[in-house]
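Heads up, there are several structures right after this.
The same subunit A turns up in both complexes below, where it pairs with subunit B and then with subunit C.
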Partner chain A sequence: MKLKFDILNRMRLLFPGKKKKRQPEHKRMHTDNRDVSQREADVKRTPLVADLEENLQRIASICGNSYDLNIMRFLAGPHEVNAALVFLDGMVNKDAINNLMRIVKIDTFKTGIKGVHKEELYQTLQKRLLTDENREAENMEDLYEGVSLGEAALLIDGTARAILYESKGWKSRALTEPESESIIRGPREGFTENIRDNTSLIRRRIRSPNLWMESMRVGSLTKTEVVVAYIKGLAGEEILGELRSRLERIDIDGVLESGVIEEFIDDAPYSLFPMIFRTERPDRVAANLLEGRVAVFTNGTPFVLVLPADFFMFLQAPDDYNEVWPIGSFIRFLRIISYIISIFLPGIYVSVLNFHPELLPTSLLLTIQQTREGVPFPVVAEIILMEAAFEILREAGIRLPRVIGPAISIVGALILGEAAIRAGIVSPGVVIIVAFTAIASFSTPTFSQAIAARILRFGVIFLGALIGLLGIQFAFLVLIIHLVSLRSFGYPFMAPLGPLIWRDLKDALFRSFWWKQVYRPTLLGFREPKRQPAGQGPHTPAEKKQSMQNRGKGK
Partner chain B sequence: MSAIISFFSSAALVFIIVRLTLAFPGKSLVQYSQELLGGFMGKLLSSFYLLLFLFMAGTDLRIYGEVIKTSFLPETPLVVTMAIMVLISVMVVFSGLEPLGRCADIIFPLFLLTILASLFFPLLYADFGNLQPVLARGWSPVLLASVTPTTITAQYTNLTMLAPSVQEPRKSLMKAAMWSLLGSSAVLLFFIIAVIAVLGPSEGFRATFPVFKMIRSISISAFLERIEALTIFPWGMGLFVNLSLNLYSGSKGLSQVFGLTDNRSLILPMAVIWVAFSFQGYKDSFEVLQFFNPLFHFAGFYFFLTVPLIVLWTAYLLKKPRQKQPQDKTKEKR
Partner chain C sequence: MREKRFTVFLTSFILLCLAFFPAGCWDRREPDLLGIVTIAAFDIDEQSGLFRVYAQVNNPVGGGQQQSSGGDGSQGSSSAWVVETTGHTIYEAVINIELISSRRLFWSHVKAVLFSEKLAREGIRPILDFLDRERQVRLIAQPFVVQGDLRRLLEANFPMEVEGGEAMSKQSFSIMQESSFLSEVESLLILFRNISIPGIEINMPRLTVLANEGENEEKPSGKPNPVKISGIGIFRGDKLVGFFDEKETAGYNWLTGNIQRHNLILQCPGSEDDYMTVQVFDSSVKLTPEIKDDEVRFKASVSAEGRLQDFTCPQFPLEREFIDSLNRRMATAIRNEITSSLEKARELESDIFGLGNIIYRTRNEDWKRLGDNWREIFPGIMVDIEVEAKILRHGLILEPLQIQ
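Coming up: the complex of A and B.
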């Protein structure tokens, strides 16, 4: 009853002139015109009191009698003390709740405590229940935080505290293979939306106590759990300090995806290129942690941020490492080449046809010119038309439900392309170029990096159409200047090519033997540069004998 | 032959330049010339160098523009080509020395690859009989011809502006300078050999751009007949590095002469002056080629390069005894 007066009093303070009549509870809730941030602040201010009834009323008024808020009242102990269990339906495991009830209702009798008072009952339960999983809440904020995480709050009359009983039991997705990063060889597990599952996936891979995880809350309403994971003593403290300060600076109402965080802590927000790597694959996160990078987990999304990132990270795939090195090197090199193609090829085609036809072998030039006969548009218009059509097609293909997906590819690729050529609107050469570019850009493993290339492509086409190959060169140099001046958390984006680091090139442009990668990336793992002892490659038996002898001598 | 001679003469020059720079760690040429010669004289002398930067860059730019014009874009105005190159340089100098160095890091392998390729393919057509009469006309034309490459060493004066930003100048600077000199001399030598071997001495002498002509004469099978574009664009990128280096040195030096804290405000005006200079400085491509005439060098360019250096060097030697004691102390500390 006190609570009602409390709120009424507060309203009187807000509107000193009017004296409002007491209204029934459901009506009062609608007339309560505090806005969200004030309500949140009020929750922080509200303490727990000794009176159970009032506590329950406060909870009910904070949550607005939400339909999934479950308040179980019962009598506990031989003296039949009033008690209540508060939890959110659907967030808790019913077995855990039953277990708790068993402890509270039966075990209190079993242990032979008879004639206990209210406070003593609470203390007994406290001793019984307070393990490392269960916590105590002393105010409304802690209490609701626990309840919203799926814990059950046990309130007992006469005590101004509550026990938060760990009973999380919401439905989460199974660990399936990540769809955005498919591989041929490697672990099939992917992250899920549950942050605990995600961090445990990393814990399972790196069993060192030096894998540290710092937790923080971001978002004033969503209060999203964000975990910074790194290997202590390997990750640069400067990077960590910078990351922490940037994360703490975020003040937003909600974080629903790691993309929000990414944009807040991005180094170059105006750049097309992503400055922070994201992945769904625990094995990639683990590998990057081992190199001295830092991972940022966000609750509610399978995408984990990895930073600092460099250009070549986005062109790497786990297969590079899992296959033997010649294959790994080949496919990686292929990807880099095709990335360059996906930016420059259409522009080069336009500029060569428009300005430098003499560069083509005569027979090829004649063939192209023949097929272009009767096409009403200049080459630029043709290419831009087709590129735009392709981009729309690609976007439509992603958004469509999977059932009608194939239909788009048939209509778009086959019918549209074929008909456009037949009708003489575009020339086959342009279609070949556009299709090849599209395939090349699909070989980029990271979507955001590929998109950057697609947008740049239009600029290159434009410049190529304007001043020929000189424009292409211009675009190339501008691109290099831009890439080279980027930094991700102080780490140069084009490393190890931008600042040329010979030692690191073996894992950037191509991949050398695992046993030859003795050192970590120079600028990342500088705290402990050596990854493994050298000379672990295969030996002939004679060599092995000799090295054994040498080892013996050393001892 | 003249390439080899020029290597030694330019090595001497570079040696002087680098030693001078090392004697004043953390200071650029503009700063220490003021220290050596006093304020006004120092500024006057260093403005010689700034003119040198302007001159070198302007000439390079013009040559590039002419090559592009004659071979690729005959209808595009020269100004456009040059303005584009300078624009990129302005961009990179605006973002600072570090991106510039990294650009060079990325471009260099491309550049090297093209040089090697354009040296390798002509070998298929080379007739080494063309090289036969060595020293047929005595030493004097050889010596005279070695002057031009030597003055191109003037590029190394850029080092004096870069040195303050180098982390451990004592270790790296001399080594880097000498290696690059050796490399460029070798490239020059091989190109001369290749040009004479492929085109023959008389034709090689007459051509406007001999190397370019040589590459143009190559065709790899019937399909790849005109690969000169593949060489000219990496060259353009090398030129871009060269230009932006000059622009950096020039703007940095000018800002130091006038005592400005930031060189960025000077970049754009300087770039505009450059384009104007390289556009107005020469009437046509033949006048540009006069640049490579040794006599022309003796008259003006050589003076610009060597005389101030000699002045500085003597001033340095004269002042040395007085400065010796504190310098020794710092050495002992290390």
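Coming up: the complex of A and C.
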């Protein structure tokens, strides 16, 4: 290579007159031999010029005369200055465009300025149009960014700038109840694919000016809008700084779902467990912001990332908080138990039958032995067979159109299971165990956490079949060690159990009264630990009097 | 940094894997390779003098649960398979079972361990040694001394129950709960405990096979329970020397403080034909030794509280004086039971009450002197019995039920 460059340089020295003149960017863009990143770089380098025709030509060459690119040429002002409006069809609201045209074509006549020049016309429009919403673009990159968001770019001949007029008006989905996180009691709104709708859902819930939202672009081609939302003064600045630096580090062509961002900023990419919580529910995001967490909105997806996450977040559901505390505590504890079941039950079944049949009650062992007569496989093969069949069924059930979905569950659960027992391929005990495990794993509210359990289950079965309950114990230990070693943005994943924080146990395995939850989570809300004054529980009148007196004394 | 982390990871992984090796041996077995033994029975062959071992093995193919109870004889037959082998040692006999069984025998679910009377009289030490060493047999199995034919017992069908071992342990458990006709020996563990304590002889529940019933009588509801569990077998060392009947067993329980619930049938004061039942629900005993030189005396103070379970004496209303006389009757009945039990023990020269053990624990100096020939001393020991019995909670039913 070096040699080649050398030769080229020497050639140039020999023939100075033959040196090729560098073409301007917009001209080179007509050619087909520029690759996409080169073209993107060219867009950045292309400035706006004073000549309207030249500008329009450049836009056309950048966008390649795309069919939805709309260029409206018209004459503006009393002096009939050449002007053009550039926008993308389908992204804009036609009323807004009409409004703009009215302003530009009629209002400029009312200015009463005689002998308006091109420059003056632009300044008039600038005064008239520039508000918070409408911006000015000075180069091609800004201009296209605005246009691609649904803004209309107003170009006036003789000015090397453009006015971006806010006219967004694309179709988006209505707010519906999220299907992956259904609840019994709580708000029915869910996030949509539109980031503005999503952030407004949070704004509507937290009406504090301290709810700050920082926007940034991720993705060299998609330029996806990513918004970091937090409560200023409550969220840890260290976490925010780390999050910003991780987000800025992302260099990818496209972000179509928050999962991409999640993987880029994940602390433990090799772990099965998700380190970042995601939800479709604005109430959950708001609740987490109030605890000092940070939310990351991604345009184009209803899934909002919440971080730092801990293990118990994934096992909580809004119902825990919305129902009275005994019910909330009970269902949460039930969910934790069923999560453990969904990891360990099949493994324990295999290991007990293969290694420790003395652990079973005699009559149960006799029944299992009797029903297993004639089954050709060892217990572990049976379990793995059925688990695999179940996983396939589950996957099939998800992918199928909703109309055919139930058919799969009928065929799978009833016919396949029944026939497998009748044919003597599997024993009824295994079917019961697999079915129960499946139900237990469905009770985990978060899909990503449940899928971790599903994969771990096979490891536990394998270890259980290899060395019995010792293997189960080993799996349990390794799992615990792994979980305790995890950190989500520096926040211990197993808190408040991993590092034992007594004060936070009120909202981990169980949920305490709302009026008892005086403090925010210790490691998150450390900037202002106290959430509410203590002693707000119900009082008898006598107690109330007493406490009023005490309060008086305190003053 | 990365290399160091990897080294730490590798080291800890190897250390974790090492943890598997000291944890024991590989013993993976599929359930269908196991022959689950539910009852183990031991006997001695008279002609050859060899040990004979019976095992009742559950037969999963024959239908663990009995499918039909009556009518079809072939279907209602026992779900168990009884194997029988002999050997010079117990373990040889057990190994011999493996030769004739398609499945490896699995002894962990043995619920009842049966000793034939013949074997017990010869001495049960070899069997206890085997049970102690064999790691599969669990010490929660219930031991019995069996009077009657072992084979017949093992092949019997138990009404209401799936398998015999469980039936026997259930039966003895309920007897222990409801009456005092069995001793506290409800598991091999207690047997082993008693055998290793100085100054106490072992005993075992007695199980009688009711040989006459069942075969001849054709009952539509199936065969009757062929097993009666009551009384205890008394050992001297490891040899059976005799049996306590129900009354004597109750006496044993009074002296050892094992009365949980006990029914005393008393004659009514004044009318010889009428009876009443007093159920003892609370009792305590205190045994204190008094040793002067070589003369050993024991003072036993027993207190008991009971309630009237049924009462048919017509002429007496329940008044204080009458209750007092009932109390005296109850005390006498208790004393009689204790005395008869002591008499029998003296006759058999077996200190199953653990009187020697009380001396061992409280007068260790004296035990060092007496302990060596305690078996000779025991028959001569006097026990002074003091009984304080009270009938409480006779309730508001002051008079017998009157039929108008």
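Everything below uses one rule, namely that the second predicted complex is superposed on the first by the 520 of 555 C-alpha atoms of A that agree within 3 Å, B and C clash if a C-alpha of one lies under 4 Å from a C-alpha of the other, contacts with A are read in each partner's own complex, and residues count from 1 in each chain.
Everything below uses one rule, namely that contacts are C-beta pairs under 8 Å (C-beta built on N, C-alpha and C of every residue); 3 or more make two chains touch, one makes a residue touch a chain.
As the structure is a computational prediction, the values presented were derived from the model and not from experiment.
J.: Assess the superposed three-chain arrangement around subunit A: do subunit B and subunit C clash, or do they fit?
T.: When both complexes are placed onto subunit A, subunit B and subunit C end up clashing with one another.
J.: Determine, under the contact definition given at the top, whether A:L469 touches first (subunit B), second (subunit C), both, or neither.
T.: So A:L469 only meets subunit B here.
J.: Mind working out whether A:V478 is in touch with subunit B, subunit C, both or neither, as first, second, both or neither?
T.: A:V478 contacts both subunit B and subunit C.
J.: Which partner chains sit in contact with A:V379 here, subunit B, subunit C, both or neither? Use first/second/both/neither.
T.: second
J.: Of the partners subunit B and subunit C, which touch A:P357 in the superposed model: first, second, both, neither?
T.: A:P357 contacts subunit C only, not subunit B.
J.: Given the touch rule stated above, what does A:A50 touch, subunit B (first), subunit C (second), both, or neither?
T.: neither
J.: Applying the touch criterion given at the start, work out whether A:I368 contacts subunit B, subunit C, both or neither, answering first, second, both or neither.
T.: second
J.: Counting only touches as set out at the top, which of subunit B and subunit C does A:G498 meet: first, second, both, neither?
T.: first
J.: Give the stretch of subunit B that clashes with subunit C in the superposition, choosing among 1-9, 19-27, 73-81 or 181-189.
T.: Once both complexes are placed on chain A, subunit B clashes with subunit C in 73-81.
J.: On subunit A, what residues does subunit B touch that subunit C touches as well?
T.: Shared contact residues on subunit A (touching subunit B in one complex, subunit C in the other): 355, 358, 467-468, 470, 474, 478.
J.: Going by the contact rule set out above, which residues of subunit A touch subunit B in the complex?
T.: 355-356, 358-359, 361, 467-474, 476-478, 480-481, 484-485, 492, 494, 497-500
J.: Which part of subunit A faces subunit C closely enough to touch in the complex?
T.: 353-355, 357-358, 362-363, 365-370, 372-373, 375, 378-379, 465, 467-468, 470, 474, 478
J.: Which stretch or stretches of subunit C touch subunit A in the complex?
T.: Going by the criterion above, the answer is residues 16, 19-20, 23-24, 26-32, 34, 36, 38, 58, 60-61, 63-65, 106, 108-109, 111, 136, 138, 162-163, 165-166.
J.: Provide the residue numbers of subunit B that touch subunit A in the complex, in ascending order.
T.: My answer: residues 68, 72-73, 76, 80-81, 84, 87-88, 91-92, 95-96, 98-99, 101-103, 105-108, 222-226, 229, 233, 236-237, 240.
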